[in-house]
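Across the two complexes that follow, chain A remains constant while its partner is chain B and subsequently chain C.
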Partner chain A sequence: MSFDVALILQSLPQILEGVGLTVQLHLISLAAGTLLAVGLALLRISPNPALSWPALVYIYVFRGTPMLVQVAIVYYGLAQFEMVRNSPLWPTLREPFWCAIIAFTLNVTAYTAEILRGGIQGVDRGLLEAGKSLGLSAWHRFTRITIPIAMRLSIPAYGNEMISLLKGTALASMITMYDVTGVARTIVSRTFAPYEIFISAALVYLALTWVIQQGVKFAERYFNRHLRK
Partner chain B sequence: MAASEADPIILAEKVTKSFGSFRALAGVDLVVRRGQKIVVCGPSGSGKSTLIRCINRLEEHDGGRIVVGGIELTAAVKDIDAVRSEVGMVFQQFNLFPHLTVIENLMLAPRLVRKMSKPEARELAMHYLERVHIPEQAAKYPIQLSGGQQQRVAIARSLCMKPKIMLFDEPTSALDPEMIKEVLDVMGELAAEGMTMIVVTHEMGFARRVADLVVFMDKGEIVEMAPPSVFFANPTNERTKVFLSQILTH
Partner chain C sequence: MLKSFIAAAALAVSAFIAAPVVQAQEVLKVGSECTYFPFNFRDVDGKLKGYDIDVADEVAKRLNAKTEYSCLKFDGLIPALLAGQFDLIAASLSITPQRKERMDFSVPYRLSIGQFVAPKAKKLQLFDASNNVLKQNFKGIRIGLQRGTTYDSWFQAIVPEAQVVRYETVEQMYLEIKSGRLDAIMTNPMKTYLEFLSKPDGAGFEVVGPQITDEKYFGTGAGIGIRKGNEALLKRIDTAILAMKADGTLDKFSKLYFPFAIYPIN
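Up next, the complex of A and B:
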């Protein structure tokens, strides 16, 4: 096997053009999914089964099916519903970009909700009792004690989720989008040099992952500042 | 809060509490008057923690009555947080908020519950840190302090709410021996200032010096209750005698 290093380098600038879209898909679905995950995690830990069960089913469904399948269902499936087609949102929902965002967001929500649940349940009960004994309201106990501590506990797993979502965004290429992988695929179909082009794409993903890792490292250092003796 | 000096600030009548089928409190009667110091002792599992945790409703009793500062604790008490803010509690495990500095630990509840301004809360916090003799630790995180210092911070944190009653659940049990005294000294000073206190502890020296009444619990009941002079010299109950002989000899 021999690689054409020059071709790898040559194709890089073109592949970099896909970075903008990859990053957009990543950040938008990450932000939306994380917000929704907070709500879902709260439902999930509710003692009321009418709240926790739907959350459990949701998480089961989205963790238990491939994201590829989810993207396909959203992309091909939404149009099947007349209600969707007639809604004022249809021009948007028809866009592959928003289909991808919806599918990724639903997926991130499920995984992140589980991560946050672990963090929330990892908070020492004694601290919450101390909060109660000081007269802090349930809201203040949650926002001032549970959340900051749960966030610290959740960071490592959340970092993994960010990286795995980054790689997951490659699925957008399947529904006609020119993200990093999408661009790579079109170059491959022109050059018939899959090794070089996909290596070039891999390098781009590695660089993006490195950025995420640095961010996670920084966040960990920040949230662990009180643990340094 | 209750009007007259003679009114009990805490009243417990026939209080029961079960965990599943296990009876942790089997009908406890206790009257605490303003300024009184009660030391509670008894074997492990006798219900000491459960009793004081019922007084600020960290546990809900399931029978009898508990009245704190004139307010009966029931499921219908709308503002349990308001009752709790008048009752300080110090835990065996300190339970300082690990993500906040010492001074932030102290300022949190005054800011959020008492709606104090930051400078006001800071001043209050420094005042109580001085009272527990560690103003110089204000900017540190709890993990950077010794156990004895952490427990004194926990006491100061409770005091910042200006509670009418302080509950202590084995405050020195998690401490190395050389740190027990510094915490007991702070508690002794608090007692001398007239604080109403219920202290679960096996520090019998503290009980002799500070307590108005020593309560002995066994199997979810108060078996014996007497001033320390009587309690230690002439315990009437067999179980008390056995317990005292064990605890005083080791």
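Up next, the complex of A and C:
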């Protein structure tokens, strides 16, 4: 078996054609999932079990099953029901793009809700009591004390989730999409050169991860600016 | 006394080590897809079966060897063979000029053809009366096919403007044509007849257009794949397959699954 370094470079431009789709899948499901996660995290920390239990079950189910299975259920599973195919949702669910977005979003929501819960519960009680003694209302204590500190505490774990979702988007290739991995697999099936082509795809993912890492670093510096000397 | 004991022990040990080596049977590692009914698939008990498997096992038997199977997705088979993870591919692999640049093949043991399957209600006209492709009729429809197959390369060459959706297995494509995500699929008509068109699930579907056998893309048939540089083994395999064709073994294997012979007669 020969190893063709030139092939890595040759295949890069083709693989880069998949970057647009990978980035779209990543950004849309990250944004939607994070918005939903805020609500879910608030339900999760509610003292009312009627609110916290459904949130707990949701998080358990979506963290406890492989994303591959979730994608397959949304894409192949739903399409088998006549009811779904006759519903107004079908034009959306027919598209692999939206099936992937739905599955990724549901998954991100579960993980991010737990990250945010950790952040919110990590806020020092003493600070909240201090706020209370200064006469801040519950709303002001939440928006002025809890949220800024919780965000700062959540950033490292959230950065992890962003990177892990980026790699998770490779599952879109399983449901016929030409994201970075999908393009790479198609080239492999023509060139029979998996090492070179997948290394090329790996380089693309590394570059994207670097961008995320820099973003997280910047955010961390911004939220911790009061700690800088 | 002690000396003779040691000598006897050494003799016993060396006999013990040598014995299995003399008896060892050659093991042929074979890669297959294991999900391509009725050519290579697992039955309800998980046992590997099918026409490809029957042929590979019989070839091994005539070579006084044993088979050991690895199961992989179709598009991973050739890369894994080239990387040395197994010695042979028995997976209905068509003998195409493109593949022959990277690997060798036995003589064909199976026909290689492709055909379109579509819902009857769509009344697709993909070919004219003399079986030429009607390119304009491929516009706006989605065609499903298995990634890395002969159908894939035929499509790229003949109707590059068609919207092609690639799948890992044929079974996924049946689901997709039933749900309406696909308008047509291109696949092996023998296989589709047996597991889809003849079943209640496939009642609303039909084959469209002629059987396509274009040798440039579909090759001379399907053969056993092998890495280049194994001429001696390849020659033994070819001899076995030709003998199996002559003595009716391939005919017998065909008729285990189909009402007709599926190997090249000439």
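Keep this in mind: the second predicted complex is superposed on the first by the 219 of 229 C-alpha atoms of A that agree within 3 Å, B and C clash if a C-alpha of one lies under 4 Å from a C-alpha of the other, contacts with A are read in each partner's own complex, and residues count from 1 in each chain.
Methods note: a contact is a pair of C-beta atoms (placed from the backbone, for glycine too) under 8 Å apart; a residue touches a chain by one contact, two chains touch by 3 or more.
All figures in this text were calculated on a predicted structure; none of them were measured in a lab.
Undergrad: So, on chain A, is it clash or fit between chain B and chain C?
TA: fit
Undergrad: Scan A:Phe192 for contacts with chain B and chain C and give back first, second, both or neither.
TA: The second partner, chain C, only.
Undergrad: For A:His226, decide between first (touching chain B), second (touching chain C), both and neither.
TA: first
Undergrad: So after the superposition, what angle do chain B and chain C open up at chain A's Cα centre, nearest 10 degrees?
TA: It works out to roughly 160 degrees.
Undergrad: When the two structures are overlaid on chain A, which partner does A:Arg152 contact: first (chain B), second (chain C), both, or neither?
TA: Once the two structures are laid over each other on A, A:Arg152 reaches chain B alone.
Undergrad: Does chain A have more residues touched by chain B or by chain C?
TA: Chain A has more residues touched by B than by the other partner.
Undergrad: With the two structures laid over each other on chain A, which partner does A:Arg144 touch: chain B (first), chain C (second), both, or neither?
TA: First partner only.
Undergrad: Quick one: classify A:Gly126 as touching chain B (first), chain C (second), both or neither.
TA: A:Gly126: touches chain B, not chain C.
Undergrad: Just chain B (first), just chain C (second), both, or neither: which does A:Leu136 touch?
TA: Touch partner of A:Leu136: chain B, not chain C.
Undergrad: Please work out how little space separates the C-alpha atoms of chain B and chain C at their nearest point after superposition, in whole Å.
TA: So the smallest C-alpha gap separating chain B from chain C comes to 52 Å.
Undergrad: Which chain A residues contact chain B in one complex and chain C in the other?
TA: In chain A, no position sits in both the chain B and chain C interfaces.
Undergrad: Touching chain A in the complex: which residues of chain B?
TA: Counting only chain B, the residues touching chain A are 56, 58, 81-82, 84-89, 91, 93, 95-101, 108-109, 112-113, 141-144, 154, 157-158, 161, 167.
Undergrad: Where on chain A does chain C make contact in their complex?
TA: 1, 76, 79-80, 85, 94, 174, 176, 185-186, 188-190, 192-194
Undergrad: Spell out the part of chain A that touches chain B in their complex, as residue ranges.
TA: 124, 126-127, 129-137, 140, 144-145, 148-149, 152, 223, 225-227, 229
Undergrad: Which stretch or stretches of chain C touch chain A in the complex?
TA: Per the touch definition, chain C meets chain A at residues 75-76, 78-79, 82-84, 102, 147-148, 152-153, 165-168, 172, 175-176, 178-181.
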